[in-house]
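For reference, the structure I am asking about is given below.
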Amino acid sequence: MQLALATWQEVEDYLRTSNGVIVPIGSTEQHGPNGLIGTDHLCAEVVAKGVGDAIGCAVAPTLAYGMSQHHLAFKGSATLRPSTLMLVVRDVVQSLAVHGFQRFFFINGHGGNVATVTAAFDEIYAAKSLGDPVEQVRCRMTFWSGGPRCKKVAEELYGGVNGSHATAAEVSLAQYYQPQAIKHAQMSPKVAPPSSQFFEAADYRARYPDGRIGSDPSLSSPEHGKRLYDAAIEDMVEAYRTFLAY
Amino acid sequence: MQLALATWQEVEDYLRTSNGVIVPIGSTEQHGPNGLIGTDHLCAEVVAKGVGDAIGCAVAPTLAYGMSQHHLAFKGSATLRPSTLMLVVRDVVQSLAVHGFQRFFFINGHGGNVATVTAAFDEIYAAKSLGDPVEQVRCRMTFWSGGPRCKKVAEELYGGVNGSHATAAEVSLAQYYQPQAIKHAQMSPKVAPPSSQFFEAADYRARYPDGRIGSDPSLSSPEHGKRLYDAAIEDMVEAYRTFLAY
Amino acid sequence: MQLALATWQEVEDYLRTSNGVIVPIGSTEQHGPNGLIGTDHLCAEVVAKGVGDAIGCAVAPTLAYGMSQHHLAFKGSATLRPSTLMLVVRDVVQSLAVHGFQRFFFINGHGGNVATVTAAFDEIYAAKSLGDPVEQVRCRMTFWSGGPRCKKVAEELYGGVNGSHATAAEVSLAQYYQPQAIKHAQMSPKVAPPSSQFFEAADYRARYPDGRIGSDPSLSSPEHGKRLYDAAIEDMVEAYRTFLAY
Amino acid sequence: MQLALATWQEVEDYLRTSNGVIVPIGSTEQHGPNGLIGTDHLCAEVVAKGVGDAIGCAVAPTLAYGMSQHHLAFKGSATLRPSTLMLVVRDVVQSLAVHGFQRFFFINGHGGNVATVTAAFDEIYAAKSLGDPVEQVRCRMTFWSGGPRCKKVAEELYGGVNGSHATAAEVSLAQYYQPQAIKHAQMSPKVAPPSSQFFEAADYRARYPDGRIGSDPSLSSPEHGKRLYDAAIEDMVEAYRTFLAY
Amino acid sequence: MQLALATWQEVEDYLRTSNGVIVPIGSTEQHGPNGLIGTDHLCAEVVAKGVGDAIGCAVAPTLAYGMSQHHLAFKGSATLRPSTLMLVVRDVVQSLAVHGFQRFFFINGHGGNVATVTAAFDEIYAAKSLGDPVEQVRCRMTFWSGGPRCKKVAEELYGGVNGSHATAAEVSLAQYYQPQAIKHAQMSPKVAPPSSQFFEAADYRARYPDGRIGSDPSLSSPEHGKRLYDAAIEDMVEAYRTFLAY
Amino acid sequence: MQLALATWQEVEDYLRTSNGVIVPIGSTEQHGPNGLIGTDHLCAEVVAKGVGDAIGCAVAPTLAYGMSQHHLAFKGSATLRPSTLMLVVRDVVQSLAVHGFQRFFFINGHGGNVATVTAAFDEIYAAKSLGDPVEQVRCRMTFWSGGPRCKKVAEELYGGVNGSHATAAEVSLAQYYQPQAIKHAQMSPKVAPPSSQFFEAADYRARYPDGRIGSDPSLSSPEHGKRLYDAAIEDMVEAYRTFLAY
């Protein structure tokens, strides 16, 4: 049940039997020569919706803007400052907690969000621990691609060249979700420079001239995307259920 | 050109000839017995994408969460605090301004956003006026339904009972955009209580027991939605072009 | 009863029979060649005090600084950032709510405040709606010049050239309130350029070289001010009472 | 020259020969049985205006709300949180610095403001010292009653019972400024309990049941106020000139 | 009992008989030619620990960074913005209040902290006074060097040339605490320029070229430091006990 | 070179040949029955000082308070909210960057800091990437215990029961650093419950009744601490040099 496509009465009914909700979160940032700027939020969204379709759990609207400061030297990228994103997460969680949601399962499509969203969770828990009058909630964040089935498919398909940004896997999944927007580009070099620490946007661009890290997304295809999607849904259904039972 | 579906190189090309971008903004809040919680952001989104398709202008990912505090007594509604939403708008605008975007045309689907988003624009301009080292940008916000053509269609279809929340028009447009999620419900009373000032969420609910204000969305249909959509696209194309030339 | 001129015991007595208070809010910004920088807060203040004198309601000290970023290219103008003004409004309302005030009637003298102060109200209500432990309050903001009697007088006196900034009406009212500070200046052009959207301070100044919008304040006089004052008091008394009964 | 009563062109002229401005700051808080809630800002205001009249220096609109948390157990008192007041001071200073004002002389009427306003100055200087692109400004804050002449008059008039809150001197000055609002009350005990450290509002009220600290404001009179006023003007003119030359 | 060197069970035991805690606070800033950058926090820390050793009271970890914006033109100095330091003080106090600590005795080594820390206390009290659901706490801040015994020793040792920054007394105490870090330097002039108002960092450096104010710290010695230490411990034990009994 | 024990002239000299600085960061939180509340910051501090002694690099004063919300159900623990700690990190980095420091190597003693401090770094980089006028800096954070030599020693000493909070290794290192504060306690159960996700403080305490996670710190000894110390120094020297050369 996507909240966006439900009525409030339907949500009221839902809350009689479940207090869990999935929040897809991604980013709006470059994804190399053939990757879409929306890749991260599109991937999180399609998987979250798929889980919602599979087991009927609530899925909140996608947080499409994430912490992407390092991509700002590539046109079209946008970032929320960490301090802003933390407030967004707090407000969304606090809003839904008003209704009785208590378990927030964030399906994430972007590594750059991890620190900030984790800090946002800690800010929420800190309020509780310090005695602020807030609801007791539990949050968990996981990558759509981080489960065992999905990792296995990615390994089979791309071995060591899936990479860590503009990965072949995420480009494939986005192609599966948005086939009308498949892009083609030559990769040069074929496999992008490997992952290393980076800092601000200019530094990132100097290290990864076309935006990719360690990947060869010319290998991507919507068919791969379908396989990854199926694996991710199974992984996330399992992870969500584990979380609810935690 | 949806940014989410473009590559960074495509955005780089785009910026050679235009510095304009459309930002759809809506809300996640109850819309009465047959309206979707996502109605406001879905309507803003479908119109923004339609304008992008029609004239090739850039369309940023939708801001799906708005200022909806007054709806929190209805399950599933979520709000950003005004102070949070102002930071979100600032960050998105500042990010895109880094790339050379200078004209930000917000297509809005939610009256409750107006004060906060206007204040956000003022916060951005204030920084410039006070000498902070920020880019010079121009922002405008308009309702998807606020142009002459769209108003005319709504008037023809619903006359005085379009209302001001969970309107027949917005429910119709959402049905056109998401036909798989059309809901049916009895309206009681047929036309909801008329608009008046409201305050916090409990007060709102006391005034408008099923969430609607002044509307009879049982009149809605996807066919109406198509007519409204066509009118809105024309209105918004015109308004966007006027803004670019301003 | 002006709070500033009362003792705390007098306020304690007042609260036994009323929980309403008027908060005058204006700005500190240029008002063209013969308008005072304090025009907006002086007008709000004199009307608020007049209402207090007329019906004995509480009147808080004037908020003399408003959201005036667009006037900063004219010497002497000062602004609060929207985010700052929102905190000021929150603190004043929360303070007075501690004592039992529940109805806050803001008499406003400055259009530029509307979005920010409305967002401030929403921030206050959002806290309540989200479950923060805050008092339940109701706020309303209205222009001193926005009632039917006052509009009628302005229309009679100035017809279409009252304008929208440094208006003949507000200059007249300020002359009535502060006759020792009446200024004389040639207007060139006689009627200032009409209202249009503006952005940051430099943009505003380029559009309205002497600061006025659409007005001819050389028509102003303290006698006009007296007529406007009398009309405004009647309008505001009525509006305040309506609000208390709301 | 009161900014509120000047035109922007007059301020432009002023800035050709001076970059100094006086900012009166006070509070809105109880002042005992016969003291006005506005005492602190009224005193700061009347002295600031008097200095402006005497030597033609610029006087900004009064900051009528200060840091008064400890008075909130007495009806009618209002406070800005320190963090809010710091932003107000920053915005006012930054605004006026845009025009070329560089020397900000705060005439203060309230001891409770000292820490917060000093911290606000430090916040402004910290921005400069840390390399933020802000103007170089200099701020000083002084009590209207802190100069040698004024202290001498107060000592002559009240000796050891001037006290430290709701002082006979400040009540007298407010009576001189607002003779229509002179209040009469029995003081019991005649001299209020002496000054000691206090904490939140409930604690303050427990220590000082009628709001006064160490004072006997039944001694106050508008004639005393006139003497204090004259002394304060001389003191503040001298202090302001010293500051400009510093 | 230093919290840092205790177990949680020991703190639990302590709280059965006392709700007081000492918080040492200083700065990280230049202290002239022979003074350590850590002088202020080292002095606060050694005295706080000494008091803890003498009477067994709880001593929290030292706040080593303070409000030092004016020293930033000297290498190695670091500052927290006042707004940041206020949040730090709030969080530390609120955390310890969760456990039952109610009396917070700050031993301070740096004049520049006074306004900000006092404002931080006011922010905490304001929350309480405004009805926020926070614990009732009492805070007091005192200089390690501000008691009668310590002042007497400093007067005996240095008379009028103890100064007000990089004082002979604080350098001596730091030498006593950290004898391995005693530095030797020629003072030129022997006694630094006297105290006067300063503003941002560049201004401070122009007034006090080697960083000292009014002092001759070449007079310092660890033996002096021992005498000052002993006096300070007695002073602070007394002041702490007075505060607990307040 | 500890900044706290250096003069500003010594730092000035240092900056002629290096722009690197180590910032120790830990926490103030319970560490089980025999672990010190200061364990995390003591460990970070002793290792940082050791590296400074070994190779002469600059070491800033320790950040003794970290993100410890989950420990607040154990007496003596204190936390900074994530949003506060982010500001502290920003201010310290920005301060030192004023002097020319560009490489900030945080030696961390507390897992709970990772998300927040990483988000703080991202906030700093985001400012740069968004065009704010800030210095270009590079930050890295590493655990004192995270290098290969130190991990090997811990594995040799404790195998699978080092655990993840109140670890035998960190208790040993703290015993080595503060031998006067060695505590003895029975562990029951001998090995604490294994690591799992936790939320707010009450939840943490329910999962880990005596505060430990997965550890048996009764195995700790100062002799172990010495071995761990030596290994950590070597690891951190190497890591710091790698970072400077990065």
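Which chain is which? They are A, B, C, D, E and F, in the order written, and residues in each are numbered from 1.
One rule holds for everything that comes next: a contact is a pair of C-beta atoms (placed from the backbone, for glycine too) under 8 Å apart; a residue touches a chain by one contact, two chains touch by 3 or more.
Predicted model, so just to flag it, every value in this text is computed and none were measured.
Undergrad: Any chains in contact with both subunit A and subunit D?
TA: B, C, E, F
Undergrad: Starting at subunit A, what is the smallest number of hops through touching chains needed to reach subunit C?
TA: Step count on the best path from subunit A to subunit C: 1.
Undergrad: Same or different: at the subunit D/subunit E interface, is the fraction of residue numbers used by both copies above or below half?
TA: At the contact between subunit D and subunit E, which are copies of one sequence, the residues are largely the same (over half shared).
Undergrad: Would you mind checking which chain's C-alpha centre is most distant from the centre of subunit D?
TA: A
Undergrad: For the sequence-identical pair subunit C and subunit E, what is the superposition rotation angle on Cα atoms, to the nearest 5 degrees?
TA: 120
Undergrad: I'd like the Å distance between the centres of subunit B and subunit D, where a centre is the mean of that chain's Cα atoms.
TA: 47
Undergrad: Mind checking the centre-to-centre distance between subunit A and subunit F? Centres are C-alpha means, answer in whole Å.
TA: The mean C-alpha positions of subunit A and subunit F differ by 30 Å.
Undergrad: Centre to centre, by mean C-alpha position, how many angstrom separate subunit E and subunit F?
TA: Computed from C-alpha means, the inter-chain centre distance equals 24 Å.
Undergrad: If I count partner chains per residue in subunit A, which residues reach a count of at least 2?
TA: Only 72, 79, 81, 83, 91, 95, 98, 129-130, 133 qualify.
Undergrad: Which word fits the touch map of the chains here: line, ring, star, complete or other?
TA: Here the contact pattern is something else, fitting no line, ring, star or complete shape.
Undergrad: Pull out all the chain pairs that touch, please.
TA: Once each pair is checked, the touching ones are A-B, A-C, A-E, A-F, B-C, B-D, B-F, C-D, C-E, D-E, D-F, E-F.
Undergrad: Which residues of subunit A touch subunit F once you look at their complex with the stated criterion?
TA: Residues of subunit A touching subunit F: 67, 69-70, 72-73, 79, 81-83, 86, 112, 114-116, 118-120, 122-123, 125-130, 136-140, 197, 199-203, 246.
Undergrad: Which bits of subunit C are touching subunit A when the two form their complex?
TA: 129-133
Undergrad: Please output the residues of subunit A touching subunit B within their complex, sorted ascending.
TA: 2-12, 15, 28, 30-38, 41-42, 60-65, 72, 74-81, 83-84, 87-88, 90-92, 95-96, 98-100, 178, 180-181, 183, 185, 211
Undergrad: Touching subunit F in the complex: which residues of subunit B?
TA: 91, 94-95, 98, 133-135
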